[in-house]
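Both of the next two complexes hold subunit A, though its partner changes from subunit B to subunit C.
What follows is the complex of A and B.
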């Protein structure tokens, strides 16, 4: 490609809190319209905002996770604009001295390499109200006005749409681990605006456009890929890019001009006189540090390096913190990492997907799964019966040992008993026995199948196979026609 | 003040000005700006900007919901309503 492209993201996350950021109205999605409003968030004269400690704490957690420098003196500013979603006619946000600046995020690219994405700043602000438009009027609901919103701004270090998509995915995963937001893009608790510009190599940034209305990470990729291409076409024709905000239209897969972008001085930012500056104390910072958890990319790396899990398994397990926590607690009570990982990403996940239940809400508590593994590893049940027991754990919400006992699933490992069943099966299939004797080892599988069918899979398969082979091998005296030394050799090797 | 600048400011504030109002305001705003420019002459080198005079820092509150029970009273003062929504002219 002839041009170099630059992408920067502005990500807004709705912080989880009981109250709004500057008043004690409930921060609760889905309440009756305009029920969570008060003179502060409706901008009545004389009402004074006061800062929510929980929002501060969560903002600092994100700053810490992004390795930001925490400003000594944090200041709130007014961003002045006139639009009905903000009844005060200004938004309280941060401009000059936000909570965090100069951080970075280690983005993992598709080839596994790490790209350091610089974070310009992390600032706390209030969300606007919701507007519902129809043809001739707009309806307003101010329940969301004043709820805590954290904005994270990256430097234009991302290159293409795919980078941005990965960033949104990995960033979302991180903030969910931090438990600061639910990160639901469809419901708007994580919103992303994307800035992009292109230029000839070495010429620095070009004129940027901003794309809004991106409510999935895939759309972020599509919209940016589209924009970068559009910029190229305009410049190729000798045209100029206008700095503007554009709206992504998923139906047509195109972006449309929304409004020319205000310059930041058009917002007439000035320090919020109603809120005193905020100083982050060492005590608070210590609390923030104590609350930090192992972040998803670090955890994934640990699973791969220390536990030798495959990339896919590690990525799957670390996808959600609760899944990874479940996995860790299973290991902590003594289960094997590989066995745990393959069951979790295999049969356990299959059942959960089918039944549409989350692991942490399912009857699959780690203690039960550990017990199931022990039953299998001690050869009390076969792997296949184990899968059946797993189903039963889900359906009956009981411990595996109880299920095995109730259903009589314990494996028959008594050689006398197995021998008896083998004899029955061999007697029922003389032609197959002959074939095996003649060297067709594959037919042993058929006999095993018959045996399992006859016993409902309850026979120790290794023992059964050995007995079948030995029986046929030792039984050669009874059959003089076809002595095959190969079988004897094979058998005696065992 | 340049008239174009005045009109831009008015547009940002969503104010509609006719010719007469614009001419009148241009003179008044220019006088105000002159006063500001006088202030701008003061030497503030090395001084930290004062953004508020209470000097009290870290005025925060815990994250516990309160109910002002004002919601209905506030809604009653709204010019037009539809159920619990506030209705305004279309502003897309």
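What follows is the complex of A and C.
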């Protein structure tokens, strides 16, 4: 690569909050158009904004997670421009002194290495309404107007489209962990604008272009890869990059110019006189700190280092905070990490995918899974029966012990009972017995199969195998008393 | 202290009294035009609350929200805007038993000193119909002077309550910034303006102020009211004025006021405000900058004038604003847009903010030596309609004595003083933040001996 490329991101997230950021209307989507509106968010004459503390708290959580410096005196500003979906024709945002500045995000690259991406600032602002063009009409819905948006601006520390894609994915995962947004890109609760420039190595930043309307991390990658290539071609031909805003068109997989710097707005920022400077108190910061959770990359590292999970397992479990929380709570009641991880990423996930249910909403509560593991580990049921029980937990929403009892799935581990069944099987297949006795050990498998078939798989397989072998080749395996005493004990208890 | 004016108490419940009152109001309306909307039937009997202001009718400047009334702001762009909510200040007054009887004329969006900039009607001075009532709260001051209402709410951005109060011979209070909620006051210059009071007596001014003040969750700029407790004044600083600073009449009145204060036993000291010569430019930079954003919301889309024939939403915005706003409003929006341009803020907006700090420092220095400061309200008495006495630019320059208190956020009270050649002239007192009571006490002492004069045609019993 002849040129060095620089990529920066501006990410908007819709904050989860009961009310809008400056009024008491519900911050809720999907309602009847213009039903969640009031004089404040409709910009009626005389209405004033009053700041929502919940949004402030969530903004501070993100600042904290990004290790930002929190400004002591947080100032809101007015950003002036006319747009029909913006009720006041200015947006209340933050310009000079936002909540957080100078933070960083540890981005994990594909090779597992960590790259520190500097965060320029984190600021809180209000969203606009929605204009819907419908034939010859334009219709306006102000339900979204005044809902809280948090904008996170990175420094141009990313290099390629793939970096940006990873950043969006990992950042999204983080803010979902923080429970500040649902992070749904398709629905616009996480929106991304990407800017890029290229230059010869050592020459610093080039002239940048910005691509807007990227509603998936994959598009972020594609658009940036396209732009970096486009910049290279232009410069190779001796041309110059024009500073401009471009739109990504997924259909054609190209970007096209939206507006150049010449027609960009002068936003005439000035401090919002209706909101006094906000002072972040130590008490509030303490509350924010107390509310912080272990962030996904830290958690993943802990799973790999302390619990010795594989990268894939750890990545899978930490993908969603609720999955990781579920996993941790399973471990906290005494289950083994490896057993938990392999069941979670295996059979449990298989069922959830098939049924399209989230783990946290499923009947798979940690207590039940722990019980299931115990049944397996105590050899009361086999691993295979365990899978059956798991299905039943999902379908019947019952505890595994109840299912095992109801369905009579408990393994037969009583040596007398097993011996009786073995004898029946051996009697039914004398030729095979002879073959085994002659040294064809593979045929033991056949006898086991028959045994399992006859009992519906409920016989303790280890015990059954030993009994078969002993019965046929007493001279080979010696005294049957060498069986695991624990099993006998357990079986005898019954 | 509570309100002495018993004459208002039974007005709303007594039908025959109400009838003669209505006739009285209508008679004055023909000559002064103080109301934009007078709707007695709608509100009569709506005085269910028992309180300090029980049964008192009052007028509300037409940039303050009262549900069920229009709120035009004196502008064509809001000519048919029916207000869906009530401002906090009015709500509190209603809670104390007062009843809104109408909406008062004003300069469009509060931009002016004469009420001549109203797009919806002309208001004359009750003392001389060829003269203006002042502005921008001209309708409020005129209606109180004529005895149509005992008090009316105005708004004071740079003197818009005190100057018309002085022109009409009534009491006019601009409270400390942040003490009265602005929720429901249509914003012109948010960081400067407050809801203010025009009233026929100091006592009413006090009761109305005390009813309205207090923290409001709907206005984050409201603050805890914390006066020092020192309500009585010994030393009054008097702003030194030059021979040419005031008209002969106002200068004369100013000297009489000083003599009266001396006679009342106050110690007077003469002071200067070095920053005063910078306040008008600073005031207009800040006011127009904020106005350019505040008035951006009027675009014909959600409410107000929607100009016909627009093909796109942006056409609609442009056409509605072009036909809906008057010239003075357009001028100020343009000025404000100009001073906020990127690269020009240091030269204008930031510089103005520095002057703002400087004038507050001037005041603070004075209040180290004196309890209150006396200064003129306006360089002239009520001028004639049109620009023959004062051009628009001269009218702006004349804001210097009033807009200083807005820049500094301090309370200021205009008190009727003398009658000069048939026109009332007021004098202004200002004090540190939250010291409204100090101002009321000075005013009350003066009022006891020199009560406000009434124009011809004024009747306490609403006799025509």
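The criterion applied here is as follows: the second predicted complex is superposed on the first by the 440 of 494 C-alpha atoms of A that agree within 3 Å, B and C clash if a C-alpha of one lies under 4 Å from a C-alpha of the other, contacts with A are read in each partner's own complex, and residues count from 1 in each chain.
Heads up, the rule we're going with is that a contact is a pair of C-beta atoms (placed from the backbone, for glycine too) under 8 Å apart; a residue touches a chain by one contact, two chains touch by 3 or more.
This structure is a prediction, so every number in the text was calculated from the model and none was measured.
Novice: Can A:459 be said to touch subunit B (first), subunit C (second), both, or neither?
Specialist: neither
Novice: Under the stated touch criterion, name the partner, subunit B or subunit C, that contacts more residues in subunit A.
Specialist: Looking at subunit A, the partner in contact with more of its residues is B.
Novice: Classify the contacts of A:90 with the two partner chains as first (subunit B alone), second (subunit C alone), both, or neither.
Specialist: second
Novice: Once chain A of both complexes is superposed, is A:82 in touch with subunit B (first), subunit C (second), both, or neither?
Specialist: Both: A:82 reaches subunit B and subunit C.
Novice: Considering only the touch criterion stated at the top, classify A:45 as touching first (subunit B), second (subunit C), both, or neither.
Specialist: second
Novice: Is A:266 in contact with subunit B, with subunit C, with both, or with neither (first, second, both, neither)?
Specialist: both
Novice: Taking the superposition as given, does A:122 touch the first partner, subunit B, the second, subunit C, both, or neither?
Specialist: The answer is neither, since A:122 touches no partner chain.
Novice: Between subunit B (first) and subunit C (second), which does A:409 come into contact with in this model arrangement: first, second, both, or neither?
Specialist: neither
Novice: Between subunit B (first) and subunit C (second), which does A:140 come into contact with in this model arrangement: first, second, both, or neither?
Specialist: A:140 contacts both subunit B and subunit C.
Novice: Same subunit A residues contacting subunit B and subunit C, which ones?
Specialist: Subunit A residues touching both partners: 39, 42, 44, 50-51, 82, 84, 131, 138, 140, 142, 266, 273-276.
Novice: Residue numbers of subunit C touching subunit A in their complex, please.
Specialist: Spelled out, the residues of subunit C in touch with subunit A are 63-65, 71, 73, 78, 81, 84-85, 87, 182-187, 190-191, 217-221, 289-290, 292-293, 296-299, 301-303, 312-314, 316-317, 337, 340-342, 345, 349.
Novice: Which residues of subunit A touch subunit B once you look at their complex with the stated criterion?
Specialist: Listed in rising order, the residues of subunit A that touch subunit B are 17-19, 24-26, 32-39, 42, 44, 50-56, 75, 81-84, 131-142, 262, 266, 271-279, 281.
Novice: Show me the residue ranges of subunit B that touch subunit A in the complex, using the header's touch definition.
Specialist: 12-14, 49, 51-52, 54-66, 68, 70-71, 74-75, 82-92
Novice: Applying the document's contact rule, which stretches of subunit A touch subunit C when the two form their complex?
Specialist: Contacts found on subunit A: 39, 42-51, 78, 80, 82, 84, 87-90, 131, 138, 140, 142, 266-270, 273-276.
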